[in-house]
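Naming follows writing order (A, B, C and D), and every chain is counted from residue 1.
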Amino acid sequence: MYKIAIKDLNTLFSKIAEEQELILPIKKAGQYNFGVYEEGCDIDGILTNKTVKSGKDAFFPQFETLYNVRKKITPADELENGEEAANTKIRTKLTIEAEALKDKDFVIFGMRACDVKGVEVLDQVFLTDPVDNYYKARREHGIIVALACHEPEESCFCTVFGIDPADPSKSKADVATWIVGEELCWKPITEKGEALTKKIESLLASADDSAVDAEIANITSIMDKLPNTKLSLEGWGKGKTDEKFNSDVWQKIYTPCLGCGTCTFVCPTCQCYDIKDYTTKDGIQRYRCWDSCMYSDFTLMAGGQNRTSQVQRFRQRFMHKLVYFPDRYDMYSCVGCGRCVDKCPQSLNIVKVIKAFENEQKEAGANV
Amino acid sequence: MSMNEEKTEFRPLIVAFCCNWCSYAGADLAGSSRLSYPADVKIIRVPCSGRVNPMFILRAFERGADGVIICGCHPGDCHYSTGNYYARRRMTLLFSMLDYMGVENGRTRVEWCSAAEGVKFSNTMNEFCEKVKSLGKSVRLGDIRCKD
Amino acid sequence: MQRIGVFVCHCGTNIAATVDVKKVVELVRFEPGVVFADDYMYMCSEAGQEKIIAAIKEHDLTGLVICSCSPRMHEKTFRACAEKAGLNPYMVEVANIREQCSWIHKDREEATEKAVILARAAIAKVNLNTPLQEGESPVTKRALIIGGGIAGIQTALDIADAGYEVDIVEREPSIGGRMSQFDKTFPTLDCASCILTPKMVEVNQHPNITLYTYSEVEGVSGYVGNFDVKIRKKARSVDMSACTGCGECQAKCPLGKMGKIPSEFDRGLRTRPAIYMPFAQAVPAVPVIDRENCTYFKTGKCGVCAKICPSKAVNYEQEDEIVTVKYGAIVVATGFDIINLDKFGEYAYNESPDVITSIELERLMNASGPTGGHLERMSDHKQPKDIVFIQCVGSRCDDEKGKPYCSKVCCMYTAKHAMLIKDHWPDTNITVFYIDVRTPGKNFDEFYRRAVEQYHVNYVKGQVGKVIPQPDGSLLVQGVDLLDNKQIMKKTDMVVLAAAVEPNKGVRKIATMLTASIDNNDFLTEAHAKLRPVESPTAGIFLSGMAQGPKDIPETVSQAGAAAVKVVGLLAKDKLKTNPCTAKCDPMFCNGCSTCANVCPYGAITYEDQQVRGPGVNETRRVAVVNNALCQGCGACTSACPSGAMDLQGFSNRQITTEVDSICR
Amino acid sequence: MQGLIDRLTALLSDGTVARVIGWKKGDMAYNPEPHMFETAESLKDFVYDGFCGANLSKMMIEASKLEGKTAVCLKPCDTYSFNQLIREHRVVRENAYIIGVGCRGKLDIEKIKKGNKGITSISGTELDGSDDIKIETIYGDKNISYKDALLDRCHVCKGKDHMIFDEVWGESKDTADQERFAEVEKIEAMTPEEKFAFFRNELSKCIRCNACRNVCPACSCRKCIFDNTKFDAQQKANVVSFEERMFHIIRAFHVAGRCTDCGECSRVCPEGIPLHLFNRKFIKDIDKFYGEFQAGKDPEAQSPLTDFTFEDIEPGERG
């Protein structure tokens, strides 16, 4: 266990940033978002505020070029003799140049336990066969420095999904850090964490493991007081498709949903993306970008989108988080970070959905 | 300027929307009178200046144009009687918004030019090219975000 | 994917001089969709078109791109050519690499590169073209002539003789226009009214012609073949059916004797009564009450004309009447007038009554004019012994007060005036100050040489700086003689100014109503200076006479005949092909918000409740519907529509976007 | 608030309306959700307090297609949007029973959350509540004045009268205390570099979630141009930096002359981008160039962008 004064964090960050890219929450135009560290970026309050979007961008960016196709025309004079100048097949050559994979290490600082679990959820999708190379390269070169939640918010409910916000060392992070008074305790967990710690050892002072116990206890006690941490997942999870799919609760609660993409784009575990082409000077650039199952043209096929009404899309989103994903990977796809609770324009979110079904259960139970 | 210096010099890319009845005819007259303006101007024929949708202008800037000019009939002379009135209001609001967002307002322009004003057409194009060249490559409209 | 053929024209050297045509063909060959690319010396020639037709058949092309001159020139030609080969004419696009590329740029490399870009844009557009079918619209078999001068009269007669109904709308109380004010005409020295009056009578009696005199066009709507014109028949205060034209009222009108109202017809050289016919041979021979000056309308007294009228034709309560008439074609024959000379103080036109314009001289020399044909000085009514003519007053003038163009007719009518005066009063000494004497017509130069050699008119090459009225009533003319290179100070009795011509006031208002293009000098712009001089670019609108540009009477009459034939050609058709590039609404995306209907200048958009069916959609919606007959394809609705539901066929959103993309590639 | 609930229950039970659109109590103190109540009994969850900022006129587009009348609670600033939707034939006036609810300004939860984490309850936000509100959080309690927590749009409130209503319930208060175009003028006064830096800074946060578009009552196309193939301008990702600015400029352009300045876009933006600055700039320009115009005030008025005069100023001059 090591530690460093919180006021010296800037020196720590610039030291890390010297050797490799450092991504951390930055305060910009009044909002906290993950960004690449540069000298003089505003890091005031980043340890205690939730970012609008999760750190998922570092591994699965909102936009990513897959490859470029270029069309070359061999000039007339370079033709071998006998080749007919007007034959388009001979003269035009198509070359495909894949986008270079991430080859340099980078550090992502400030992810909370819920975000790290989110990355774990993404691993299930992108690292299982067929493996997504772009994601894999980023995942291997990424060193995650997780931070315990010093001030959980009322929208947080990660404990419902068995995530311990107080002790990130239980998560898949490479380094776990805690805020203890005026200092930041730093505990490397994996080899990557050890290697990183070696590089910056000069700035760190040693500390014993028990220094963080008080902080862990404090966070755990706060979590009990939060309103949503008592949610029960009874009736959700593996094998609940038939029970939930045709329930008429969806019809009752979906009306305010605008079909915008806010909940999906702030969510740390949403992994759907669309592939599109962009015509460039001499060919096309094929890229992928996040897509939202709430959009009307999500998975638009020749015959249209199979979920034609908003209630179907609304149901799809929450069923995927709480039923379909557990069916397949035996793990909930929601990590209880509360971002959709904060940011939904119509104040509709996964917590209200779970509570709505709970009430339905009670009423059904009451008059049966 | 020597020839090779000419090559490395910045050549602006300018898209011109010309209305079929007046300004396109004016451009033709400039041609038949053998007047000259830089080859950087490329003209797209539209039925009326009222047909020019702000989407086209922003699309041109997105794809790398450095200047966009919309030419139409003089107000009152529009072949469709009111097309250029609406265009005038749309462009006034659009240019004011671009200016409001910090984009150099020399990059966009509207010019009324009748079928008989070949000279005015070529002078306008020369002036506009000079102005856009002095402003340099259109960067502001290209990267208003600081992402990559 | 389309199968596109690209043809690049050399146009002799017009294009090939600065554009490397072979290189263009080479580079466009590999654009997406192109299966055939070739070049030829003259694509628009017979052989060129044969080449296109052959290529269409051989490579079964579905789209054509012709890189040549302006589409305004030969788009019709190439579309007709495609149609001959069985290809839909609207699958053809023209890239303008002559007027907008080869003629404009000198650097060969630059011009070639730009030609390739323009070709690429046209190819990208053809890729998205869809076959369009021309619609049909009915033709109202009736023509309207605005203006009743010689141009309007001749056009009306030619159309009426072809068997079609024609209406003439004339602003003045009588038809006849400027020509009725002339005395003689060049080069034959015919008497103007002798050749004009029979035509005016013929117009009045022709069964197919309706005259709206003392009337103005109030509003025009609709389009070729279907114009709706609102005509305001101003109140004459005289019942035309009852009036016999006896002229009693003119004689007895008290204001006539008082001599206060200047006669517009006689250019103010004499006065007229409040109830008047502009000139003796007026058609219709029915007087008009000038309500501004008539005592009855100002104070309610008098009423002499009503009392003495034998056929009780005078009716003070008559009101303006507005009629709306349907027409298939409209001819603008609004004629001309002399420019205002207030800004030309140097010639003392406003100071001395003896400085007159040529048209005033026409009135003085006219037998029915103010002096009964005797040439007198307006100051002391003596016959002038010495006259000076000054040419190009306000014509070929480069500053604001004058006109930049040559008025074309002044040299000839001044020679005419000089000869006629010399003929009647041989001892009159005539000097003409000129810049160049222009006599560009049959027998024109011989006519001018007669004036010099036979009638010894003294022509001085040089301009007059100043005309100064002298205390003794004579006029001192300060000029210069460029040939002898010396100043001239000359005393004379009378100075005649050959003032510049300009289009009649109010023509700009009419052009706006007709949406006809008009240039800065208020002359109407022709569809093509060489190939279509009597048509306005606006379909269904034709030009006749001075309204289109300065010209003399022979040219006016021939242009009137040409305009008439064009009108007859149009009215002869039962159905007119309508422009298929009209707007179209996609019900799936239409919000039914009426924004497009608010901006449509032709009222072509209406709303219906339609059953809309699609993925996840099955409801009745309020949807816009475009009436293809009314829509002229301006596209105002497409850029007002936020959702892109309203699109313009032939210039669709995606087509223009792809043109922008390929230009900026 | 109970008075309103009783009135709504009466309307529902005596059949004048088939359903009521209002707000349903959220699971936290500050997140009531817009809701369609169909049974009188379900109205027990109805709530109307300082956090009911949503503009419900857009829900009436779908609701007015249903059988029978729909009661809808509209605040004074929402009624402008309703008028605009009537003018564009998107809502059926006869199928709507408008209850003009009183409003003393709505609260901005982002302002409250600044420095107040772990909120468990907020009290005093009712229509007739006190001038300051009590916030209880697990980290301690705090009192702040109602005025300080107001949404930006309430500081430039357009007035306390409802433009259209069938009946009014509750008192309204005009909470305007700032000059409407102050922010716009502040930006206009900047140098081009500063303006560019300001918008670049703000727009670089945009995550293209379309919340601003989907909540806006003026942005009510059945199929948005950025979602359909009509224009080949489909954009889902912030692919190239230009794309969102084109999205925001075009969105502001499409609602120019129709935007009632209801401020919903800035309220719902997850990244807190002051989107109203775009629309308000167009409103300011329209007022300056073409004469005072408030969208939605008079349903018959011609929108400035579908109108013209011969003397309009030229695009070059800024007037």
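Keep this in mind: a residue touches a chain if its C-beta (ideal position, glycine included) is under 8 Å from a C-beta of that chain, and two chains touch if they have at least 3 such contacts.
Please read these numbers as outputs of a predicted model, since none were measured by experiment.
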Interface with more contacting C-beta pairs, comparing C-D to B-D: B-D
Chain whose Cα centroid lies at the greatest distance from that of chain D: C
Middle chain, criterion being Cα centroid separation: B
Rounded Å distance between chain C and chain D, as computed from the means of their C-alpha atoms: 55
Centroid distance [mean C-alpha coordinates] between chain D and chain B, Å: 37
Separation of chain A from chain B, taking each centre as the mean of its C-alpha atoms, in whole Å: 44
Whole-Å gap separating chain A and chain D, where each centre is the average of the chain's CA atoms: 30
Residues of chain D touching at least two other chains: 201, 204, 223, 225, 228, 231, 233, 238, 240, 305-307
Residues within chain C bordering two or more other chains: 599, 640, 653, 657, 661, 665
Touching two or more other chains - residues of chain A: none
Those chain pairs that satisfy the touch definition: A-C, A-D, B-C, B-D, C-D
Residues on chain A engaged by chain C in the complex (per definition of touch): 71, 73, 76, 86, 88, 91-92, 279, 281, 303-305, 308-309
Chain B partner contacts - residues on chain D that touch it in the complex: 184, 187-188, 190, 192-201, 203-204, 206, 225, 231, 233, 238, 240-246, 249-250, 252-253, 256, 278, 281-282, 285-286, 289-290, 304-310, 312-316, 318-319
Contacting residues of chain B [partner chain D, same complex]: 54-55, 58-59, 61-62, 75-76, 82, 85-86, 88-104, 108-110, 140-147
Chain C-touching residues of chain D, taken from the complex the two chains share: 65, 88-90, 220-225, 228, 230-233, 254, 302-303, 305-307
In the complex, chain C residues that touch chain D: 586, 588-595, 598-599, 607, 619, 621-622, 640, 642-645, 647, 653-654, 657-658
